[in-house]
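Presented below are the structures under discussion, each in the form of structure tokens.
Both of the next two complexes hold chain A, though its partner changes from chain B to chain C.
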Partner chain A sequence: MRAYLATTRGSFLAYLAYRSGFIFSILNNLVYITIAFFLWRSIFQGQETLRGLTFDQTFLYITLASSLMVTLKTWTDWEISHQIVSGSIIMSLVKPVKFQWLMMSQSVGFSVMNFLTVVVPSVLFLVFVFQVPFYSGIGLLFLPLALVFSFVLNTTIDYMIGLTSFYTESIWGISATKDIIILFLSGSLIPLQFFPDWAQQTLKLLPFQAMYHLPLMMLIEPEQPVMTYVMSLGVQLFWVAALLALARLFYNRAIRVLRVAGG
Partner chain B sequence: MALIEIEHLSKHFKLLNRREGLKGAFLDLFSGNYRTVKAVDDISFSIDEGEIVGYIGPNGAGKSTTIKMMTGILQPTEGKILINGIEPYSNRISNARRMGVVFGQRTQLWWDLPVIESFKILKEIYAVDDQTYRQQMALFEDLIGLKKLYPVQVRTMSLGQRMLCDIAASFLHQPKVVFLDEPTIGLDVSVKARIRDVIRELNRTQNITIILTTHDLGDIEALCQRIIIIDKGKLLFDGPVQRVNQLFGVYRTFKAQIFDYNDTTLDRLKALVQDRFADPDAVHVEENENFWTDIIINQEKAPLREVLNLVMSKFELEDIRIVEISMENVVQKIYDGALL
Partner chain C sequence: MQRLRYYLRIYFLIETQYIKSKMQYRDDFIISGIGMVFSSLTTIAVFWVLLASIPDLAGWNFDQLVFIYAFYMLAISPFQILFDHFWQLRFHVIEGTFIKYYFRPLNMMFYYVSEMFDIKGVVQFVLGIAMFIYASIRLGVVWNLPQVLLLLVTMISAALVTISIMVIAACTSFWIYNSYPVLDLARRLREFSPYPMTIFDGFFKLMFTYIIPIGFVAFYPAQIFLNTGSNSTAVYLSPLIGAATFALAYWVWMKGVNGYTGTGS
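And then the complex of A and B:
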């Protein structure tokens, strides 16, 4: 465990070394928030609620989704692909640590840094400039755990995408496809309520909504019965278990390509 | 029992036969036309604790493949390896705890961080206790003056500094065995000497087994008591370095760029030296690229001075260079039976 904590700390510090990059990440997110504000205000024009959501709820959902997306963007897939293509993966494999955990602990460091440098300023911006009301309620208690699950789901998917480069070498296409799929199907671009009913039903069967939609609902509707949130966490936990198991199987297969076919 | 035991080790790769051109590249997408390459072919040897063994051979000989199997990354096709009684490829993580690795072309240090952070991270990764850590860091301070490098970001280091730090890092957790793959590649003479001193000291003070692959015969001479030479996956020689030293120590390569080089130059040169030195091992002429000619001289059979005078009396030379024999030539000599 110490090994992984140290790795997390290292990636956190490594990210700090590139401090000037933060400013652009923050600006980027603030510009997006501003555009989203005007876009959704014109969509809501004159209507109190759309699909059961008020403008405030929708705006909060959208902007926090984008902040969450920035937080979760740790480039694990690209890192793995880079290691595989350049051969530097051997430096990871000669260490007495599990490769997946090593990648995840680096990812944690990046995420924490992203959170501090992008999400915190974004939330302050939302509160003080757009005067968005945050809701309080029992749902918020479940939020931290839900966000941890979101993180695990996200890095596990990235990790598996990265592993595909054992076969394909380049992951540009597959990673871009993954980004688009997650963007649309997780609720991070448009709240899932705005999808047609049949689509919503289908999306509930996929892991992507567990990454964004479920935790964001805790935030914008924190006054539901406790059971609602427990159910949400249950769904997330199911996907965490399923994806981790899948990732493990996939790693065992993919690493065989390296171990047998050589690098 | 020996620390490392390797028995009948083989590693075969299946490689796709790639075809030429755009059409070929497209057809390759669907091709099942493979050939088998025996990167390592039935190698056996054992290494005792505390030895420094030079593991050498020309490019593509199978050195790195063997090292990768010993570090547990690659699975052998046949045969087995035991390090400390465990098979590295079936127990990658427990093997990794007791091993250190330096690949000269890569680094295990964190590129963007001051180097001390890398040591702190490695301390945790290898679960090194505080006392051992302090003791090792003090040793590295003595050997390479590590302290003044603590705050230096790894990517701003010179290659030599980085390599010294990388070597130190691989010894931090007092491993049983350290693999050094081309540790002096691309370094100038004084830094090479320093690195050799450091490696020798670490081996001596900590009794750590070292397996060194290198292209630089100077590394071998300075460090190893024993060398193992492989080529095309096969073991060519395993024995004390002195025997090989006697062999390559007497050879020099006289490189000459001959003025007005044409089709007949090489033949005229060959005829010239054969006239004087009948023994084919005494002087051997080889064509090199860019109009350079290599004249490989066995100084016991043909004094360097005589060969120089002879060649210069008949040819106009634009440029000359005299170097020690290369790894490829050593291997060639062994093929020709020089050690038998």
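And then the complex of A and C:
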């Protein structure tokens, strides 16, 4: 456990080394929030609700989805790929720790920093500039745990994508494809309610909605019966277990093809 | 003229070597191509999902939005294919490998961009052409000679605007080293250029028209061909804006290049 905590601490420090980027990351998110405001305002065009959501709910959903995405962006897939291509993965493998937990504890550090430097300012911006109302209700109590599950799902997918570099020795294509698929199918670009019914039914069977849609619904509709949220957590937990098992299997397979040339 | 021929020959030689070196990663090309197709189709999918809930987006229907988006894809292709190396500028600056570009009797920006030729960008370009033709047919856009010439002029201007915005964003690495967040911001702004600029009002409309002219990457020039009668006069400024932004980008590049001190190793 101490080894993993040390890794997390290391990633805090590594993050701080490039702090000039903060301002632009915050700016990036604020620009997105602003553009989303105008875009969705023109989509609603004075209508009270669309697909059962009010403008305020939709706007909150979209902007917090974007902030959550920034939080979860920890480049684990790129890091693994870089280690594989450069051969430095050997240094990670000889350590008496599990490779996956090592990568995950690094992500924890980055995620926490992302959250503090990007999400907190963004939420303040939403409250003070756009005066978005936040809703209160029982659903909010389930949110922290749901976010932890989102994090685990995200980093596990990133981890598996990174492992594909054992075979391809390159990452851009598959990582970009993954980003786009998650972006679109998780509801973070357009709330899932806006999809046609058949698409919604299909997307509910995939793991991506568990990463964004389920936690975001706790935020924008926190007054549903408690069972709704327990169910959401159950779905998330199912995907966490499934993906972790898949990652373990994949790792055991992929590690056999690893070739590192020289040192 | 002779100089131009010399540069073309050099470009061809460097590119051949580059493509040869890339040939060893054939799988990567295929996967990257698929990635490119996915990322190109996302915006179309967004339009499609949205227009299932509302009749039009700020007055524009699906085919018109596809047309504007296809224009956008073609306009960003020159940056994607020819200027892709700018995404890596920050690594060269941080690690000091940028020094090598000072030691050739060539224009530095030329030499820098010639080192990379993004093959996957060609996938995007081809997809863009296909969408452009599809939308043109669906909308009944007439392509006579003056129209085609107008398309070329506006397209080149739009490409220059994209290139300039991205080059300026990449060049910030001369001062702040890690330019990724800036590039990411520029890309995000660029991604909104196929959306109807009429959704913005007041300050933001002015900003996206004149200060960070992303409106000129797709929406303003593309609507000339759609005959909707909504052309603002700003549309005809597009060649001027293209040339001006590129001049600015080149100036920023020169400023960065001349101030770079290397890493000492």
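Here is the rule we go by: the second predicted complex is superposed on the first by the 258 of 263 C-alpha atoms of A that agree within 3 Å, B and C clash if a C-alpha of one lies under 4 Å from a C-alpha of the other, contacts with A are read in each partner's own complex, and residues count from 1 in each chain.
In this text, a contact is a pair of C-beta atoms (placed from the backbone, for glycine too) under 8 Å apart; a residue touches a chain by one contact, two chains touch by 3 or more.
Not measured: the values here are computed from a predicted model.
In the superposition on chain A, A:Leu93 makes contact with chain B only, not with chain C.
In the superposed model, A:Leu258 makes contact with chain B only, not with chain C. When the two complexes are overlaid on their common chain A, residue A:Thr7 makes contact with chain B while staying clear of chain C. Once the two complexes are overlaid on the shared chain, A:Ile138 sits clear of chain B and of chain C alike. More residues of chain A are in touch with C than with the other of chain B and chain C.
Applying the stated contact rule after C-alpha superposition, one finds that A:Phe194 touches chain C and leaves chain B untouched. Residues 18 of chain A lie in contact with chain B in one complex and with chain C in the other.
Considering their complex, residues 18, 20-25, 27-28, 31-32, 34-35, 38-39, 41-43, 45, 50-51, 167-170, 172-177, 180-181, 183-184, 189-190, 194-196, 199 of chain A touch chain C. Considering their complex, residues 25, 27-28, 30-36, 38-39, 42, 45-46, 49-50, 52-54, 57-58, 120, 176-178, 180-182, 184-185, 188-189, 192, 195-196, 198-201, 204 of chain C touch chain A. Of all residues in chain A, only 2-3, 5-7, 9-10, 13-14, 17-18, 87-88, 90-91, 93-98, 258-263 touch chain B in the complex they form.
Chain B meets chain A in the complex at residues 11, 13-14, 39, 65, 68, 71-75, 89, 92-94, 96-97, 99, 101, 103, 106-108, 110-113, 117-118, 120-121, 123-127, 153.
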